[in-house]
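Same chain, two partners: chain A is paired with chain B first, then with chain C.
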Partner chain A sequence: MGNFNIIGKSVEKKDSLSKVLGTAQFAADIEFENMLYGAVKRSEVPSAILKNVDVSKAKALPGVVSVLTYKDITGGNRIGIIIKDEPVLVDDNIRRIGDALAIVAAETKEIAEEALKLIEVEYEELEPILSIEDALKEESRKVHGKTNVLQEKHLIKGDVDEAFKECDIIVENTYKTNYVAHMFIEPEAGVAKYENGIMSVWCSTQNPHFDRGEVARTLNMPQNKVRVIQAVTGGGFGGKLDISVQCHIALLSYYTGRPVKIVTNREDSMKVSSKRHPIEMKVKTGAKKDGTILAYEAKLTSDTGAYASYGPAVVARAMTHISGPYRIPNVRIDATFVYTNNPMAGAYRGFGVPQAAIAHEGQMDALAEKIGMSPIEIRLKNALRVGDCTPTNQKLNDSIGIVETIEKAVEKSKEVIFNEGEVK
Partner chain B sequence: MSKVKISFNLNYEDIVVEVESNKRLLDMLREDLNMKSVKEGCGEGECGACTVIVDGITVTSCTVLAPQVDGCSVITLEGLSKDGELDKLQESFMEAGAVQCGFCTPGMILSAKALFMKNPKPSKDEIKRAMSGNLCRCTGYKKIVEAVEIARDK
Partner chain C sequence: MKKKGTGIGCMWYGIGNTGLPNPAAAFVEVHSDGSVTALVGCADIGQGSSTVMAQIVAETLGVKYEAVNVTAADTGVTPEGGATSASRQTYISGNACCEAAKVAKKILVEVAADAFGVEQDEVEIKNNNVFVKNDESKQMDFLTLMGELKKRGKIALGSGSFNPDTTSLDPVDMHGNPYACYAFATHIVEVEVDTDTGQVDVLKIVAAHDVGQAINAQMVEAQIEGGCAMGIGFAVLEELELEKGAIKNPGFSKYLINTAMDMPEIYPIIVEDPTSTGPFGAKGVGEPALIPVAPAILNAIYDAIGVRFTEVPVTPRKIIEALSEKQN
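And then the complex of A and B:
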């Protein structure tokens, strides 16, 4: 290798000095003169018709500068990365525990919190939809629009029905994964400052350009008048790709003309931030006696919760990965993702791929056991190699690391798990 | 809320402050004394991001009331470097690549510092035990333990 300045060298992380000194400015550390503190009134029920939000008592509390509801939104009141279905402040129905109903700006964070208790919310509770099964019933109430189906997709390659007839061995199993919270160690936070017609937002985010667009639409301002600056961000893992405080602090700063900070507490962060999609995967794999896989069928259903977030992207990724890194000529994947009144599921390290891995690797082990083959051998036999095609017919022309990975794993396992010669 | 006057030693300097009697140590340090290295991750003593050293012992400053440090010595991350010279733990965290998002870093360094104050040559197990109250969600634990070992051996 040539004598490069950077490549092949161990370089110091650019921001490590400020982080070991404690001077790195996370969003909650940012202060401005004359700054107000914001807080969010959130719903405590998962499903209801919002009748009225009375903010008069909260407004009358000394130290409260502004209390806003959906009526004060000057622009659009629906946000979302793929489908704009989430209200900045609820204007019709409450769709989950934690939906934002009103926002407050006050001289201190204690006064802001106190004001939340004085906001009177009138609503008519509805029977919540809490399972995929209930969401898909024809007579079920619709969380949004005319259907509870966020997306239904199919991926078909070859002819699985014919291929299963030629199989000697078939294994069928159902795999279910649960919600997972990102639990980034820094709760969501931000400061907005509206000055000379420019809205500036400093926040903990993974998605500043998206944030800028959503803030601009919420305020009905052109994007070139909105600046979003990513503060040093304390972890995200996909959970800070959605809007958290951005639109709320921008609205409050717009109305008060003063800088406004919101720091989310852990409890609200846990309630409102997106989660990893729980997915139910019914999978059928068919192979010849020698372990060659001929057919693979999977039916995926998942609960995306009250709002789409990155759900549509997760559907596609889970589907294209659920047959695993294996060469399978006949594949049929059906996926249905539905809306419910559960917590919102979205982007989470891998977009559905980790869930799919549980199913495809579980199937490989089950198949190996049924055939009486080594779980390593059956994987190597079916592993994708250069020149093979994926279920979406992408030809892998240059490299695919699965064979090498399995071989390295076997080598390593000899060191750490098995004694030499004991790998079965 | 009534205020109380307390005196304590903060980062090797004696100070006197008036503070609301129901204020958390975390909030007094961050808001009144501008010690912004002290982070709030959970607010209930679980994550360790708000760790500070009080009289040589690590405490989660979100579960301590400010007036409780009256007469005590308190060390935050701001107190570790002097005149631009880094503490050996600060150097070793950079050297080992033990800093990712950085939000847990102040608490991690202070837990290690408190360990060294009692035991300058801890074993790897002793290091792990001393750091067990600090969560790193980026899962950089291996390098964090390595960083403390590097500092120990310096």
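And then the complex of A and C:
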């Protein structure tokens, strides 16, 4: 290792004192004079044609300053990290429970919540698409555009069919994961303030520069007139990459000329924020008797929910990682991710790799058992080393520490986990 | 009956976005009193990126860590940082900070060389001292150097940006270089399964992570420990109930996550196999921390009770069902 003064040292974190003393300003702590409180009217059905949103009674409630629907959006009404498919406020179809239909700004949080109850939503409910099977039927209604397939992709290296013929041992399993919620301690929150032609937005976020672009397009303002400032953020884990309150508070502040704050409650946060993709993975691994893996095949299907969010990134990453940190000459991965009217799935700490690892590591142990090798031995035998190629045929030139992590973990486990003489 | 078992899980993780450009940038300025401002797009969401950026800038400039203040994630003053995701900020924004600090340092070195009357490559700045290599008689403190800059009308300012060296993936077979570097990890866990209640207790986790180079060892360990907490939840606890498109348990009372009380003993091990393209060799650890946990637990459950689960979460109900199925 290099001879460093500061690198590698456990110096005091820059934010530790403010967090311990409680002086850190999270978005919910930010207060301005004359500030209004916002709230969001959300859909309670997963699929419907929106006919009308009547806000007249809500507007008439004393203390309500503004109620907005899609008709009030001055710029574009589609947002999204990779594909712009999510409305800021629904203008045609409701595609999931929790879709935003109208927004309110009022003198107090209580009045804003009360006003939500007075908003009358007229819609024609549709039979929701709630499974991958239904989504893929030719006659199925399309959640967006002309197909329910978000992405169908293939990764091909070598010839798996030929390679499986040469294998002594083949292991096949189907792995499944469920939705998982981020449960960051701090729910989504933000304050917007429109002053001297500049829209400033303080918010809990993982990507203020992305937020700036989305707010600018929603308001039809240039990016240099929108300033997004990340407030101290209480965790994200991928769940604060999508737009949450940013566009709504900016719209309300733009119309009222007053600062507007929205603090999402836990229930809305959990319903609306993205979830870890549930993925079904059908996997086949083939090896020689000595444990050398020759072929790996996987078929992935997943429900990405109502909006794409980071779905395409999850597809690509799950595919490039699902064979694990091993040298495998023949690989074929097929993936199909579809839109449904289920909750939106997106980025969650690992972008599909936590799911993929369950498959590749389950396969390694199953293979080891069938061959009669130890799980550690079979991993060491197949682990990537400098000079090896990945399934995308990328040659690895340096910094391939998998073998060292196995050796160090085994060494420590001999001390704290394994019984004497036992190495599993 | 309580049955113990052990299991292993390995992982790899490409740092940064998959086969796409994903740059980040930074500005660094050294002020007349020797303090330093770094303007960095990268959002610190509690994981400590601003601390990491300050360490990288301080090491590169040769000043003390305390001298560096980081203003982060404010589009009014900081350049583009991209998302705090894909375990990319230490590697990408870290490289941007390193580049920006090098540009600012070049100005410091030029002035120091001029003041000493030596060549630039003879000047060294380390730990707030400015000196000439192999000539102890020629040195000055940092404040004196900043005075020399003032005299010459120079400002020590630098900008830097970094985009990982990747290629787009072929649309037919997905061949290409999706990531500039990969992190690796191995976890070995010990579990105890209660065959009467179906409860799985994770007792110990040994977690070895190749991070290239730890910028802040304690923060790397904290990431590993946090990842373990989430990984255990993913494997045996967290169960989102969905019915006709509706999440039926949208709150902490019904959607359970681990608390500090539930945590096992965790033994983080930092492995440093540096990457030639990282800031001081660093890669990333944010997501890798979580990934090996669940598969290692599933393999340990198999070792304990002889049932190979292929679905998560493995709740007590599923354990009991599987055990009774096995008996019949």
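Simple rule for what comes next: the second predicted complex is superposed on the first by the 416 of 424 C-alpha atoms of A that agree within 3 Å, B and C clash if a C-alpha of one lies under 4 Å from a C-alpha of the other, contacts with A are read in each partner's own complex, and residues count from 1 in each chain.
Everything that follows uses one rule, which is that a contact is a pair of C-beta atoms (placed from the backbone, for glycine too) under 8 Å apart; a residue touches a chain by one contact, two chains touch by 3 or more.
Note that the coordinates shown come from a computational prediction; the quantities given were computed from them, not determined experimentally.
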item: Winner by number of chain A residues touched, once chain B and chain C are compared; value: C
item: Contacts of A:Asn173 with chain B and chain C, given as first, second, both or neither; value: second
item: Which of chain B and chain C A:Gln246 touches, first, second, both or neither; value: neither
item: Chain B versus chain C as contact partner of A:Thr320, first or second or both or neither; value: second
item: Chain B versus chain C as contact partner of A:Thr336, first or second or both or neither; value: neither
item: Contacts of A:Gly401 with chain B and chain C, given as first, second, both or neither; value: second
item: Touching partner for A:Ala366 - first (chain B), second (chain C), both, neither; value: second
item: Touched partner set for A:Pro375, first chain B, second chain C, both or neither; value: second
item: Which superposed partner A:Gly235 touches (first chain B, second chain C, both, neither); value: both
item: Contacts of A:Leu17 with chain B and chain C, given as first, second, both or neither; value: first
item: Chain B/chain C common contact set on chain A; value: 13, 15, 183, 233-235, 237, 266
item: Interface residues, chain A side, partner chain C - complex; value: 1-2, 4-11, 13-15, 46-47, 96-97, 128, 130, 153-157, 173-181, 183, 200, 205-210, 212, 223, 226-230, 233-238, 240-241, 266-267, 270-271, 275-276, 310, 313, 316-317, 319-321, 324-325, 333, 341-343, 347, 349-351, 353-354, 357-358, 360-362, 364-366, 375-376, 379, 383-384, 392-394, 396-402, 404-406, 408-410, 412-413, 416-418, 424
item: Contacting residues of chain B [partner chain A, same complex]; value: 36-37, 39-44, 47, 49, 76-78, 81, 86, 90-91, 93-94, 97, 99-106, 109, 135-138
item: Contact footprint of chain A on chain C as seen in their complex; value: 6-14, 17-19, 41, 43-46, 48, 50-51, 54-56, 58-59, 62, 64-65, 70, 72-76, 80-86, 126-127, 169, 172-179, 181-182, 184-190, 204, 206-210, 212-219, 227, 230-231, 233-234, 238-240, 242, 244-247, 250-252, 255, 257, 265, 267, 269, 271-276, 278, 280-281, 283, 286-287, 290-292, 294-296, 298-299, 302-303, 308, 310-313
item: Chain A residues touching chain B - in the complex, by the definition given at the top; value: 12-13, 15-26, 28-29, 182-187, 232-235, 237, 263, 265-266
